[in-house]
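All chains are identified by letter, namely A, B, C and D, in their written order; residue positions are counted from 1 within each chain.
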Amino acid sequence: MLKIEDLHVSYGPIEALHGISIELEAPEVISILGSNGAGKTTLLKTISGILTPTKGVITLDGVVLNGMEPSKIVKLGVVHVPEGRHIFPNLTVKDNLILGGYFGNATQNRENMEFVLHTFPVLKERLNMKAGMLSGGELQMLALGRGLMGNPKLLLLDEPSLGLAPIITSEIFKTVKKLTKEKGFGVLLVEQNARKALDISDRGYVLVNGRIELSGKSEELKENPEVQKLYLGGKNVKSGI
Amino acid sequence: MLDIKDLSVHFGSLIAVNTLNMKVSENTIHSLIGPNGAGKTTVFNAIYNFVPYTGDILFKEKSLKHVPTHGLSQMGISRTFQNLSLFYSMTVEHNIALGLHPTAKSNIFKDISGVNIYSQKGIKEKIKSVAELVGLTQLLNAYPLFLPYGTQKLVELARALVNDPQLLLLDEPAAGLNSAEKDYFKKILLEVKKRGITILLVEHDMGVVMDISDLITVMNFGEKIAEGTPEEVSENPEVIQAYLGVE
Amino acid sequence: MLNLVFRGLATGSIYSLTAMGIVLVLSTTNVMNFAQGDMGMFLAFIAFALIMRNFPYPIAIISVVVIGLILGTLLERGLMSKVRKTSHLGMIIVTLALTMILEGLAGYFFGTTPLLFPPLLKGPPIQFAGVILDRQDLVSLAISGIVVLILFIILYRTKIGIASRSLAEDEYGARLLGIPIKSIYTFIWAASFGLAGLAGVMVAPKLSLEPSFMIVIQLKAFIAAVLGGMSSVVGAVVGGLILGVLENFIAYYIPQIKDSFSLILVVVVLLLLPEGLFGRRQARRA
Amino acid sequence: MKKITPIILLIIALFIPVFLRERPSLIYYINLSMIYAISAQGLNLLMGIAGQISLGHAAFMAIGGYTSAILVMSFHLPFIIALIGGILVACAFGVIIGFPALRLKGFYLAIATLALGNVVTDIIKRLKITGGDYGLRNIPPPSLFGFELQNNLSQFYLVLGCLLLVIFVTRNFIKSKSGMALQAMRDSETGARAVGINISNYKLLAFIVASAFAGLGGVLYAHSVTYLHPTNFGLGFSIDLLAITIIGGIGTLWGVVLGSFLWVLVRNLMGTGLEVLTGVLFGVILILVVLFLPRGLSEIFFRISNRFKSKEVQEK
């Protein structure tokens, strides 16, 4: 479904991604691992049209995405749930959700809204509250819910666990996995918490300084000594750091 | 050296730090760890009076409660930030030089008669020696905006060190560094400690924390859940459950 | 007493129209538009020219609003979309530069001698329960009311309105949701300059028409917007009305300070109540 | 080369009145330009170095001018005392207008300074000693050490001296400890506080220095134009000063001089009937500068002189 071939992205004179190729076939969860500055967020921003690649092609079901306006890409069903969530704090929870379905028709949006509130009942209770009053976990649920309002074929999730208690992280990850099965969309998951990401994903790619160093089935990656050392905590495996 | 007593910080109904007690002893590297939102940075911000708090914070038996932010560096406390706070219109040299603001003496006549105190000999020497310590000697005339992120962090560290602080607060210094840079950073911090400077470190990277800390305090939901040496902490069941995760 | 209140409300409604335009732009695009008043001035001159050529009043007003919409669109597309990439200071300066340009053009085309703008509704003032009201004042009150109602419905009940409010909060977030930012900015600028035209035509009959006649109104509109908390059009309207009433009372009881009163008021409000008289704290944890 | 240029320029400047002996009105305009430059330099420091904004800068010129004129006319004090008095009173008001800056930023500071500037002119309008709405007329020309500087020519040297002093002080101030602290504050307030810079004091200092320059400009203006009226120092003039600063090159030393000369030249020497269009012209220039020349017109000069320099290097 999603096909990225030899993607190069630069910030001014500095190249951040040096030829990335990734394939994803929905319903599938793929995690992208790597340290800070490895280019993970850059990759997601490029797919959603915020950044334009200097070289390479991104296609979704054969349609070329690169060079398109972000709004067109969203219309095609690629929804980006960004790092830091970017919820509108002074808008109500409901208004935030409505904006997630900016392009949908009224019936579609009503159905989607019902589905989102069913999936995250806590949002139903807070529907008319300003979004800025939500707790970290609730905010992440709102961000996910807002993403679901856009009828995604492909969901780009950037650091959903950021700033969350581990228990809540697990809950959110479980929900993502469940939603993928129910709705049949694909998920590209960028995550610092490599262990948890690999737990719910089918395959994974390891990004180092803008290049793919390793890729494979999640189980294999978990067993890989290199990955263990760099991202799963090496000698502190026992305590799971 | 630093004594935090019953520190509580509230943001509206949210309790960011809840009756925290901790002591940082002289000439140690003391790390503060915990998940995001556990209240670590808030502790720094309380020390800097960026947020109102209850309880007390003592530095060498003196309360910091009514010391304004700009008074801290004169007392011997300096810090770096999670998000860099460099002066981007200035060279690396001047960025470091401004760390000497509290001690560099000037007056109105010097100000308008063209005496550039930051180019005086003693001050230049100081800048040079701290630049050497963190490895910026070659870059003194560069502008930080054009330097890699890791190097910019070193500029901020140098700025915090140049005024010979007694206590150095570091907020996630290793975030965004690659592993080679992290190793380099660890070396510098150990060297800083050797010079008699106490370090309070907030850091996510367990590799860095476990390798160089003398003592670790673990926070979760604004409260201290454990304290001890790296070995003790990494075997503490509560820490594993709440923060490190169960294997 | 009641007379003072009503006349105050009438003055206030004039401030409100300009204040709404300022707040509309500020709360969505983060640009403080110092040219809002002068755009009204310019459009009032055009209305004047039309009326002098025997166009009926309603046509003149409608065409001025339409011209405002067009100018707003052109300005956003041609200039503001580029200025937004500079700094806060850059944006302030560009709108100040616009005031210089507009005042200069008006002076060039229409002259700097004050002109008399014919009142919208002729006829004697209306007396009602001991209150004497100018017909003109009633019109501007009514129009303010209608405009704020329309704006409120657009901003809070339609998708494009909600999206407009989201832009000021987090433009990046809005971009990721695919919200067509460019069209929304254009919509906002067009709407605010349409409003400017309306405000100009409402104010002109009360003052004499000259290139600088909206400067005072613009200043008062800022004050109204600050009183209202700078973030909602409803606040701007209420702020304008309050300011109008307060001013009338001050002018009646302590005329010595009537000029400086509102200026000092705004500084005090900015310093003590940065969220406005009835603004609420920004919703954000930690 | 680098050291000789300013001296040559200075000598040329000193001889300007000699060349223009036949055109005293031209000298008057040159004086006016330099007075604007002195005032605008204060705004330049405030905005370019300290990162604050003020839309009430002209009010300080009014305060300086009125104070000095009143001291000379009503209290019969010598000009030099009146000059110092004018500057000091302007500084005092600088503290007052600086206080909002401790809590306000950006647009809000712009509105607050705009309002306070208007309050000042309103008060001047209501006071008796300032001549109220009639303004102050027949202000005596400046006198120094018993010499009355009656004509534009002699005033030229006084104003030139003041301008050079202001530029000299600004140049040194920018490089000084206080100047560095202000620039640090502009770049990052958090960083500045962390290194021990007392933000409040330095913000006030910025406003005081800016007011002092405006006050000096106002004193010179009062005694060379010989007529003061409160409406001359309203928002319009403040915006003019802002435009001069930006067009000349914000944060540069000589930009304000360039901006002022251009301003006075275009405003006063453009054909009659077209002068209403100067606003349009400057508005357009201002927008172009904001969009394309963040360091103002002086950037063009920099580029040209850099080209010369690189040529020199090549020739060597």
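Note that in this section a contact is a pair of C-beta atoms (placed from the backbone, for glycine too) under 8 Å apart; a residue touches a chain by one contact, two chains touch by 3 or more.
Bear in mind that the values here come from a model prediction, so they are computed numbers and not experimental data.
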item: Most distant chain from chain D, judged by the mean position of its C-alpha atoms; value: A
item: Pair sharing more residue contacts (C-beta pairs) when A-C is set against B-D; value: B-D
item: Length of the line joining the C-alpha centres of chain B and chain D, rounded to whole Å; value: 42
item: Euclidean distance of C-alpha centroids - chain B vs chain C, Å; value: 48
item: CA centroid of chain C to CA centroid of chain D, Å; value: 32
item: Contacts with two or more other chains, residues of chain C listed in rising order; value: 285
item: Per-residue overlap in chain B, given as positions that touch at least 2 other chains; value: 37
item: Chain D residues within the chain B interface of the complex; value: 169, 171-173, 175-181, 183-184, 186-188, 190-199
item: Complex contact set, residues of chain D against chain C; value: 47, 53, 99-100, 103-104, 106-108, 110-112, 114-116, 118-119, 122-123, 125-126, 235-236, 239, 242-243, 246, 276-284, 286-287, 290-291, 294
item: Residue ranges of chain A touching chain C (in the complex, touch as defined); value: 48, 50, 70-75, 80, 82, 86-91, 95, 98-100, 102-103, 130-135, 146, 150
item: Touching residues on chain C, where the partner in the complex is chain D; value: 26, 32, 79, 82-83, 86, 88-90, 92-94, 96-101, 103-105, 107-108, 112, 212, 215, 219, 222-223, 226, 256, 259-260, 263-264, 266-267, 270-271, 274
item: Complex contact set, residues of chain B against chain D; value: 48, 68-74, 78-79, 81, 85-90, 94, 97-99, 101-102, 104, 106, 110-118, 159-160, 163
